[in-house]
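What follows is a set of structures for review.
Each of the next two complexes has chain A plus one more chain, namely chain B in the first and chain C in the second.
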Partner chain A sequence: MYIYLRKLAAMLLTVFLVSVITFVSFEVIPGDPVLSRLGVDADEAQIEALSRELGLDDPLPVRFFRWISGIFTGNLGLSSRYSRPVSELILDRLPVTLSLAAISLLLIVSVGIPLGILSAKYGDRIPGLSISIVSQIGMAIPSFWTGIILIYVFGLILKWFSPGGYTPWSESPAEAFKSLLLPSVAIALPSIATVIRYTRNTVMEQMKNDYVRTALSKGLKMNAVLFRHVLKNAIIPVITILGMITANILGGSIVIEQVFTLPGIGRLLINAISTRDLPLVQGMILYISLMIVIINFLIDIVYTIIDPRIKLK
Partner chain B sequence: MRRILLLLLFSIAVVNVFSIKRVVVAVPQDPDFLDPHRAAASGTYEMMFNVFEGLLKPDSTGNVVPAVAESFSISSDGLSYTFRLREGVKFHNGREVEMADVLYSLNRLRGTESEAGLSSDFVKFVSNIEAIDEKTVVISLNTLNTDFLEKFIIAIIPADNSDHNLNPVGTGPFRFVRYQPGQRLVIARFDQYWNTRLPEIDEVEFRIIPDTQAALMSFMAGEVQMLPRADAIQALILEGRYNLIGVEQNMVQLMAMNLDRTPFSDIAVRQAINLAIDKDEIIDLVANGYGTKLGSNMSPIMEKYYQEGLENYYETDLDKSKRLLTEAGYPSGFKTKITVPSNYQFHIDTAQVIAEQLKKVGIQADIELVEWGVWLDRVYARRDYEMTIIGLTGKLSAYDILKRYLSDYPRNFFNYFNPEYDKLVNSAIMQTDIDRKAELFKNAQSVLTEEAVAVYIMDPNFIVALAPDLFGYTVYPLYVQDMSTLYYR
Partner chain C sequence: MRRKKVSLHIGITIIVLLLSLMVVSFFYTPYPVTEMNRLERFSPPSARHLLGTDNFGRDVFSRIMKGSQTAFFVGFLAVSIGSVFGVFIGAVSGYFGGALDEFIMRFMDAMMAFPGILFALMFVSIFGVGIRNTIIAIGIMSIPSFARITRSGFIQHRELEYVKSARVKGVTSGRIIFHHILPNVLSPIIVAASMGFSSAVLAEAALSYLGLGIQPPDPSWGRMLSESQVFITLSPWYAIAPGVFITLIVLGFNFLGDGLRDLQDRRQ
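Let's turn to the complex of A and B:
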């Protein structure tokens, strides 16, 4: 129990520090939320009205205190760009990002881990080498490029889906899946390559251990040794990597969302930063920090399930 | 059984798709405000033009025609405007427009004792707003401003709407349906529109696609039916397969030089820069020919007020340019910086061509890319720049276009202060004689050119791409998309 409290305290401190840094950096960098919103055609009267509404005349500590005290009442404030509650804007984007994360994670696990094991099994023979070469290429290709190629091939030539058309799950689950599949593939590809390499390395590492020789010498088949004994030991570092990948995707796949015009967390964050929407940026940082903390926590639990020797410290 | 059911479902879906006439328009950014009195961005007006109407509304020739008002008259001294309200104009909530709504809207712009006005023009010029009877309203000005009539295109909104920004209600041919930030703004035909010529399109979705490449792909895939601002390269890809309409958009793309800084405070230097720049080359290279050459801060689409001939005032002449630079004390040129907003590829490309052209007279211009938010704050508001390239969108009123150079204009980022210019522009709006007024506006443009206040480059033609079966696009000298005239064939 004490461990969790300590973790919670560490998390709160992290979020607090991050938001102080954000507040200060927004103060330092050029840019103004009022001008960013209204643009070059703004009338002086309109600029004044919006400045008044946003309460930007108050000194920094006052504004910071207002924000912090808002959090404890569950109020993240109003976005300065959209005049809507920050929590509503984030929640609205969450389904897209969560779906992207779920689908791409499924792809990463179901393709990356088996291929990694396979690649390790064949070591430096042709199948192993070819998998590792392909995975190296996969890591080198940026996901936005994969995205554009996927849109071009599947959207414009084959016409299997329509680019730029996101359908929410509530309207049509089939259409929603269709519009999310390709971006998920684009997100998953480089991560699949990473997972293959990690799995391959750790599995090959484990294969050198004595227990593998023992198992093989008592007559177990190679596959049985790999999946029953080696995998359990090799999977721990891979899970760590998977955790990092998940946190990344949940923090918004900025580039992929832009390329596929998906209304996810990443695009919202980019918008918020470029329009100097401090309340929204703060809210999103809170969300991202929370996500990372939760995922780390889940991974810790998974560790203890896979290897009971590991204790949370 | 299941197959039959599926077939049935499918056919219902198909019928649904075809019975609703829908147009999806790609737009690059979110609206700033849905509340028409608080919205400033041209990108917002372009959409909400379909939802709101003022006492008057702009037509496609750049004139204003009666809308919520049925007729209007201007007193002989030009100081009071009388509007007679149209019978049976309804708001989108079904309620008829009453005098109370008109007074509410106009007072909201001018301001009351308790609340500041939302339009500085109304605050500055309007002295009195009075209802003579249930149908007649008189607006009096404190000083003559013959360009004030155009101000009445601003929306009339219901006095009893609790939140104009969340749930905008107007009187236009389309009613607001929903807005999802960063995703879409949907409007639908308003069946009780006062004008019996109803739009043919049932529903319009303005889909927010910031990435131009993504917008093009969506258009080519048929997901989007209208691409209002294709660029020249996209136009090349689309040519022949789609309806493309290229028109002057009443925009002035210019390179401003900070007049408060050396060497730009010297008119000879500014003229030298103008002489070194070849606008035709820029139009060819950057806009692929889709641009109209300018010579001052006015597009030829403003027929009445446009001063002809200025576009060739500075014929490219490198020798003369070098001579002027030498006389000004810069025989071997100087180093400077062009600050360009990084989200406008068009301006970045222009800056690159200009930097090359300036090299020929020894001026070394580095290009500095800044985020749009930074540009607005640093360049536009705080005037901290040397040279910058930007496009200024046009207005119906020549005064609104030219007022940017007035000494007392709060956003005069050129740092141009010239009493003679102020006098020309300010006296133009005091003229009731239309020819005399046009002449003064034209003179003001000449002053800008002669003094080389900026390099006036072009009016980049905007290229509207329409799906092959979509017709009826109306061109306005304004930044608007009129969806009411579109139809499928």
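Let's turn to the complex of A and C:
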């Protein structure tokens, strides 16, 4: 129990630091938010009144706590462009991004792990090496380029889907899936490559163990040893990189939503940056990074549960 | 054994080729980079234009060559910023340990919670776009990974005999950190620098693709891709070259990093 409490405390500290970084970063912005609303020829009294109204004359820690408590009350300030609460705007766009993330994760796990095992099985022979070279290339290809090529090939030449279109799940699940599949492939590709390489290394490391020799010498088939014995041991280190993968997926979808013009939080963020809607940018950065901190925390907990050895360390 | 050096060789080959392309671009490009030619818009690859022309009739190959300057410049400076600060932070944190270490590492963890691109986006939305801020943002973004790697090297070394004897002889902490330990823990840092170069180039390309990185007239492979997407039905080939070159440079530094890591593993 103690170990979970410690992890929880560490997570809360990280949450606090992430919020402080996000808050303080936006404090150093050149320019006065009051003047930019009132215009340069506002008089002293007007400036003071608006500052008080916006709570800008309070000391920094007070404003920080007012802002951060917005996470719980759902009010992280008003978007200056949409004049709607930041949380509401984010919630509107969340389904697209979460669907992208879910499909990508599914692709990463279901393609990356088996190919990694296969690649390890063939070791330094041709099939193993070719998988590892392809994965090396997969890590180097920028995801937005993959996206552009996928749009061109599947959207414009083969006409399997209409680029730039998005159908919500509520209208037609099949259409929604169709419009989300290719972007998910583009997001997943670099992470698939990473998972292949990582699985390959851990499986090859495991193969050196005595238990593998024992299993093989008692007559088990190679595949049985790999999938029944080795996989169980190799999967644990792979789970540790899931945290990194989630960060990659969310980071990737910021760019890919732009490539495929999908109405997710990535596109909202880029629009907010281009229109200098800073309260919205600030709120979104907080939400996205907190999501990642919490997912990492959960992965850490799962990891401790499935591998009891960790508790002893 | 021999095979292990293959990645090192591939990496060095790719990097040397791209570096020579960059060096040449300072003195010579087939066409002036900004020369527009209305009559030759969207021409396909030909003997006159190796990689075709873009929407302004500018020679794509010349722009790719100039773009390599941006890629190397951003990669080199961003990695320099990240490694100098990261190594310093990691060294101090790992050598002294204790509450300071705990605090610094918590802070680094918090920074790592931001996906790289998100941090860079936050930075440019506060300080504005452009090549300088792109470099600083990517540099800061890579500090935590350098700090972590350096720290773990220092933790392994700080209780070793040679460090203890230096301490007994009264060598100052600063000297022990930078003259005694640092040279011994340098190789994983060099591997990280090579990998960091790849991530820096990818991040720059992504930012520039989004229009929030390198601004015109500075040439950038990432921005070329976003321009090419607009005209993809008119000239699909324009979208190929910038992507291939981004992939090549990233591949080169990844292979180099892998090769260096193998070398280092073998020595131990």
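Keep this in mind: the second predicted complex is superposed on the first by the 233 of 313 C-alpha atoms of A that agree within 3 Å, B and C clash if a C-alpha of one lies under 4 Å from a C-alpha of the other, contacts with A are read in each partner's own complex, and residues count from 1 in each chain.
We adopt the following convention: contacts are C-beta pairs under 8 Å (C-beta built on N, C-alpha and C of every residue); 3 or more make two chains touch, one makes a residue touch a chain.
Please read these numbers as outputs of a predicted model, since none were measured by experiment.
By the touch criterion stated above, A:V18 is placed in contact with chain C alone, chain B being left untouched.
When both complexes are overlaid on chain A, the residue A:S274 reaches chain B and chain C alike.
Of the two partner chains placed around the shared chain by superposition, chain C is the only one that A:V28 touches, whereas chain B remains out of contact. Of the two partner chains placed by the overlay, only chain B lies in contact with A:L89; chain C stays clear of it.
When both complexes are overlaid on chain A, the residue A:I151 reaches chain B and chain C alike.
Shared-chain residue A:Q46: touches chain B; no touch with chain C.
In the superposed model, A:V293 makes contact with chain C only, not with chain B. Of the two partner chains placed by superposition, A:V134 touches none, neither chain B nor chain C. Residue contacts after overlaying the shared chain place A:G251 against chain C, while chain B stays out of touching range. Comparing the two interfaces of chain A, the one with chain B and the one with chain C have residues 29, 148, 151-152, 156, 258-259, 274, 276 in common. Across the complex, chain A is touched by residues 26, 30, 32-33, 38, 40-43, 111, 116-121, 123, 165, 180-183, 207, 209-211, 213-215, 217-218, 220-224, 371-374, 376-378, 380-381, 390, 392-393, 410-411 of chain B.
The residues of chain A lying in touch with chain C in their complex are 10, 13-14, 17-18, 21-22, 25-26, 28-29, 124, 136-137, 139-142, 144-145, 148-149, 151-152, 156, 247-248, 250-251, 254-255, 258-259, 269-270, 272-274, 276, 278, 281, 285, 288-290, 292-293, 296. By the touch criterion stated above, chain C contacts chain A in their complex at residues 3, 106-107, 109-111, 113-118, 121-126, 198, 202, 205-206, 209-212, 222, 225, 228-229, 232-233, 236, 239, 242-243, 246-248, 250-251, 254-255, 258.
Within the complex, the chain A residues that touch chain B are 29-32, 35-46, 48-50, 79, 81-84, 89, 92-93, 148, 151-152, 155-156, 159, 162-166, 258-261, 263, 267-268, 271, 274-276.
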